[in-house]
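Just below sit the structures, each encoded as structure tokens.
Both complexes shown next keep chain A, but they swap its partner, so chain B is in the first and chain C is in the second.
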Partner chain A sequence: MATITMKPFKTPELFLECSNISPDVFAGKSPSEISKLEVREGKIRNELGDFFEVTGTSGTTAEDTDIVIEGDCSRVKYIGMKMTAGSITLNGNADMYVGGWMKGGSIHVKGNVDSFCGIAMEGGEIQVDGDAQNYVGCAYRGDWRGMRGGTIHIHGSAGNDIGTFMLGGTIIIEKNAFIHVSTHAEGGTVIIKGDVQGRVGGQMVKGDIYVLGDVTYMLPGFKEIGQVDKTIAGQDITFRHFIGDLGERHPKKKGQEIYGNLFLRASSPSGIPQ
Partner chain B sequence: MAELVIKNGFVIDPSRNINGDVADIAIRDDKIVEKGGKDAKVIDARGKVVMPGGVDIHAHVAGPKVNAGRLMRPEDKLFKSPNAQEHYRMEMGFSIPSTFKTGYDYARMGYAFVMEAAMPPLHGPHVHEEIHDTPIIDEGALPVFGNNWFVMEYLKNEEIENTAAYVAWLLSATKGFGLKLVNPGGTAAWAWGLNCLSINDPVPFYDITPAEIITGLMKTNEYLGLPHSIHLHHNSLGIPGNYAVTLDSLQLAGGITAKNKFNREQVMHSTHIQFHSYGGDSWANFESKAKEVMDYVNSRKNLTVDLGCVTLDETTTMTADGPFEHHLNSLNHLKWANTDVELETAAGVVPYIYDKDVKVSGIQWAIGLELGLYAKDPSRTFITTDHPNAGPFIRYPRVIKWLMSQKAREATFDTLKHSSKVIDATDLHGIDKERTLYEIAQMTRTGPAKALGLSHMYGGLGEGLDANVAVFDLDVNNMPGDPEEIEKAFLRASLFVKSGQIVVKDGDITHHGNKRTVWVNAKVKDNPQVTRDIHDKFLKNYTVSIGNYAVRDNLAPNPYVIEVDVEA
Partner chain C sequence: MPKLITQVGCPYCGAACDDLEILVSDDGKKILETRNACVIGSEIFHHATSSNRLTRPRLRQPDGSFKETTYEEAIDYTAKALLHAKKPLIYGFGSTNCEGMSAVGRVSEKAGAVLDNCASICHGPSFLAIFDNGYPSCTLGEIKNRADVVVFWGCNPMHAHPRHTSRYSIFPRGFFTNRGQKHRTVICVDPRETDTAKLADHHLMVKQGHDYDLFDAFRTVLRGHDIPKEVAGIEKARILEAAEKMKNARFVMIFFGMGCTHTDGRNHNVDIAISLTRDLNDQTKASIMAMRGHYNIAGPGQVWSWQFGFPYCIDLSKGTHAHMNPGETSSVDLAMRDEVDCFVNVGTDAGAHFPIEAVKHLKNHPFITVDPNINMASEISDLHIPVRIVGVEEPGVVYRMDNVPIQFKKVIDGPEGVPSDEELFDRVYLRMCELTQTEPIWIHEKTHVPTTTSQVD
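Here is the complex of A and B:
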């Protein structure tokens, strides 16, 4: 494995669009070639080297290229966009679209990420040690094809619109989430270990949602059908099982109608009547 | 006085039967002239093809349904919006590009004129605002008449003169170019959730049939002597087995002859004929009837067609055929917009993916190309994709590639998941015909210009015509073995001169051009009954007043008005 190290030395005045920060792009390039890659600040063309000091060596393929960013990227968008292999480690925060449209490899952000982390992701793994803003693992605006595969693991809290139009893959939020989880989902799994305010599974057709904390306001389109025991993140937990969204269409598989599943921890201090 | 000479290119100009002769094209100001002066700027086109500017007879490029598509499909812009060319406007979108991208991309492909194919009259102001915002290319717009209450009320009593007076008023009120008919009667029926799937289905509450509307408007059109013929989207679009309806509908042109001063010969332009050449009675036994339809068109000189080729892309369908969009949405369950335009028409918008893994998409792709290859007279058969319904207009170069190269067609067959089923349901695989550059120029330039009655302005390089000249990086004596090079050459013209101004060089925009809006002002003698009927309807039925209806002059600030005087 070969490692490229990038040290930010200048904060962009606007926001920097850095979809070029990806093992796929860096592979086979020398630090000076990487420094010359185009990055945009609005309509202004810049080079990566105008903002980052690039050292180290890259691998011959994306798979054996690791990128380490030593510093804050709060004004850097699209880190790891469309990457297929290799890894990115960011010792700091990132702006929007970390790992968007990612197909493989891994990204580890040791700080916080802004919105659209893992948007329309197809594979690979994103770890965020801090919090995420809105739209974790969602679909692009207007698109009906959301996250298809891979894992997003947010160790802090997340905002709204998690897993919108999700089709596959897994999103884990260790702490709390705000509203709108798996809206329009047709697959995939979202696990929220803390509390969610509400609007969980709206217009959901298929897929699973686990809430280990509390749901303050349930949607009316979900119906409780019983209790199930499941092992989630190594814990054996008894869940109340809801299906929905009953207001949506229900495709059939082998004669069985398909619903979205919402599993709410049975011991949650939820205000939802039994 | 600006003079320009494009020297030594292989000139292809079907309007003067010139096929690849090395010649110079001279331009003074915005017209083509016989010879340039000694101070003329010289551009060397040695080894390249020189053609007239392209003419697109049918595309949906401006107006409320295009905008509805843009609004409901932000994802159409994703990864398909290149960074702006320095000093030029941002370009966004693919199947429903922004107005600037529309103008720039047409110019890059060497197109001079584009006809917006369906203007809802009530929304004429919006259509013209967008046309004005689309740089470089000249445009016109066809108001829709086939489901209009006035038209149906006059024509059920066969009142051609009254229909003509109304049509003349509406063309002038909307700054329209000619008569578009979309699913005649069927769209009006859609207001009651119904449709007219054959030309003899009565239109509910109107005591008239689509056949009577089509015939009546054809007679009206020739009575007025408009530059273009009626422009017809047949009933039963996109339905397996609809070729029979298409043939019935085409036969209506039988007894009618063209009467106009614009050198136009057809009385019916049958648009996006690909969508109307379907056999079978379900999607399971869906098959091509391209041969049956084209055999008929070949035998009738008073018909023209455009292809409406499926390009196997993700696109956005939009049409005034409201019931069809509802049908399409029930097939693909994606987004759907639907609207009624009071007294006049309706419209729907649905995203659609022509998927190489789906048998039906492959068959549709083959049908469009079969029609283009079966056509005996390329000057009556025009290349379109019914943009954006069967594919975006920036795929015209790809359609040209497929028509010019069997190798390119076979390469696409190889990418279809169900290629053997597509081969069984169509003839395309067995057709070895390849269109020549001359025929392509007929299908994209001379032919459509003539069918629109605009051959005195576009579609040729003869003296006195508008100075619209496209130069493509193709050598007629040494055509590329790789068909991809053909597509590349037509996608980015090496040079494009529009109205005497160099607007594209090496595929890049160099100037915002001198855009014009072309519309037709038909003068008829005073018709008090029609005037009273119009005022009555605005009082009783319209939600707008007549004073707020017309397209004001400031919305079409660069007009080119074609005057037609019925009395003269």
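Here is the complex of A and C:
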């Protein structure tokens, strides 16, 4: 494995659009070639080398290229966009679209990320040690095909619109989320280990949601059908099993309607009557 | 002899009334009387000839005061500011015609700007819901003639669209609704007892911010499932009653406003409202419409969708393609994140409507206002360029809230030497071409109406 190290030395005045920071683009290029890759600050075309000091060597393919960014990228968008293999490790925060449209490989952000992390993701893995803003693993505006595969693991909290139009893959939020989880989902799994305010599974057709904390406001379209024991993140937990959204259309399989599943930890201090 | 001009369009709210009659003085310079207009619309016409109207641009001086300047200088300043900026933001257009919006589209492309309209802080979330879920809508005429159950969800037309209820939604006698108000059941969903709610047969006082839950309850009921005893602060029995009314209607019309688009969930509230409309169409006929605010705020959605493929929040800074993603390319987000370095406010008042923090960020960079009137944005601007008032001094095409285009008239002459939005921005575009030594690529051969010629028919 070959590693390219990037050290940010200049903060852009506006925001940098760096869709080129990806093992797929870096593979087979020397640091000086990488430094010459285009980045955009509004309508101004800059080079990556204007903002980052690039050292190390890249692999011949994306698969054997690791990128390490040593520093803060709070004003850098599109890190790891459309990457298919290899890895990116960011020792700091990142702005929007981390791992957007990603197909493979892994991204580890050791700080926080802004919105649209893992938008329309198809595969691979994103780890965020801090918090994420809104739209984790969501679909692009107007697209009914959201996240299709891969894993997003947020170790902090996330905002609203998690897994909108999700079709597959897994999203794990270690702490709390705000509203709208798996809205319009037709597959995939979302696990929220903290609390959610509400609107969990609105307009959901299929898919699974696990909430280990509390749901403050439950949607009226979800009906409790019993209790189940499941093993989530190595823990054996008893969940209350809800199906829904009963207000939404649902496909039939062998004459049976398929619903979305919401598993709410039985021992959580939810205000929802048992 | 004073002249009565009939079938005049009203440049106020999204209902864009086109039945106004304006009595104009002999010389075509003064408005004597307005007929059929609501009090706000009437005021707009009378305001045009008020004595404190600005007729020359004002440029901020180093000492902080405003000094009158020429249009040439103002155009040069705007062109240079737009070219110099890395990512300018051009925002507004609630109150101008489609011709002006199209001209600004040309300028924005040249400037690599982000082009956004008032929908961004208004019905933008409705657009997002429409992208996701479609828009089973109709025209206001159909509502007048067919709707027998009218739902006002998070909107208050009695105040925001004063003639909406009398022209289209509650009172008028239509072809299939010949008993007018008696023929219609009005359902209002609003956390407050608004004047529209007072008119309604059923007022569901939804718990603030829980519209989505209530929509979900309606959908669940319509599919024959049970719901909890109380949803969003409303008893089950009342939800069932309202759902029954909708189910048994011949034509259900759902109007929604800021109560849906600017409470938690935003686009999702509209999204599920659209889903509810679709569900209702399994049982009867139903349609849905956004209560658009300004008389031509549906215009930029039409014009720019044609020019760039997107209705709002259009980032043209890439130069090769347009990018749209509200949350990133929406005006308030751009301002709050300090992502733009020049701001042009056209035909609206960002100073009054944006969060103060956003305005503070924008104020760190050149701030230009193009508006006939003095408003909060004009007073904090570096440059304020007055233009003619569309619908009063300038004709043009406007799109009503149901996306029906209406040709607006001009009733009086504008102040001498004051250009229209279209003319101003065409001149900015030409100046930008001059400064960059490029050929204007948009072929535009329209000769602008000289500012002094009367066009009254």
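Going forward, the second predicted complex is superposed on the first by the 274 of 274 C-alpha atoms of A that agree within 3 Å, B and C clash if a C-alpha of one lies under 4 Å from a C-alpha of the other, contacts with A are read in each partner's own complex, and residues count from 1 in each chain.
The criterion applied here is as follows: a residue touches a chain if its C-beta (ideal position, glycine included) is under 8 Å from a C-beta of that chain, and two chains touch if they have at least 3 such contacts.
Source: prediction; values computed, not measured.
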Fit or clash - chain C, chain B, common chain A: clash
Which of chain B and chain C A:R40 touches, first, second, both or neither: both
Which of chain B and chain C A:R199 touches, first, second, both or neither: second
Which of chain B and chain C A:W144 touches, first, second, both or neither: both
Which of chain B and chain C A:I179 touches, first, second, both or neither: second
Which of chain B and chain C A:Y217 touches, first, second, both or neither: second
Which partner, chain B or chain C, touches more chain A residues: C
Chain B region in steric overlap with chain C, selected from 79-87, 313-321 or 529-537: 79-87
Intersection of the chain A residues that touch chain B with those that touch chain C: 40, 43, 140-142, 144
Touching residues (chain side chain A, partner chain B) in the complex: 40, 43, 140-144, 249
Chain C-facing residues of chain A, complex: 13-15, 40-44, 96, 115-116, 134-135, 140-142, 144, 160, 165, 179-180, 183-184, 198-199, 202-203, 217, 219-221, 223, 245-248
Chain C residues touching chain A - in the complex, by the definition given at the top: 85-87, 111-112, 128, 131-132, 210, 212-213, 216-220, 222-223, 225-228, 231, 264-265, 268, 271-272, 275, 279, 317-319, 324-328, 337-341
Residue ranges of chain B touching chain A (in the complex, touch as defined): 72-76, 78, 83-84, 333-335
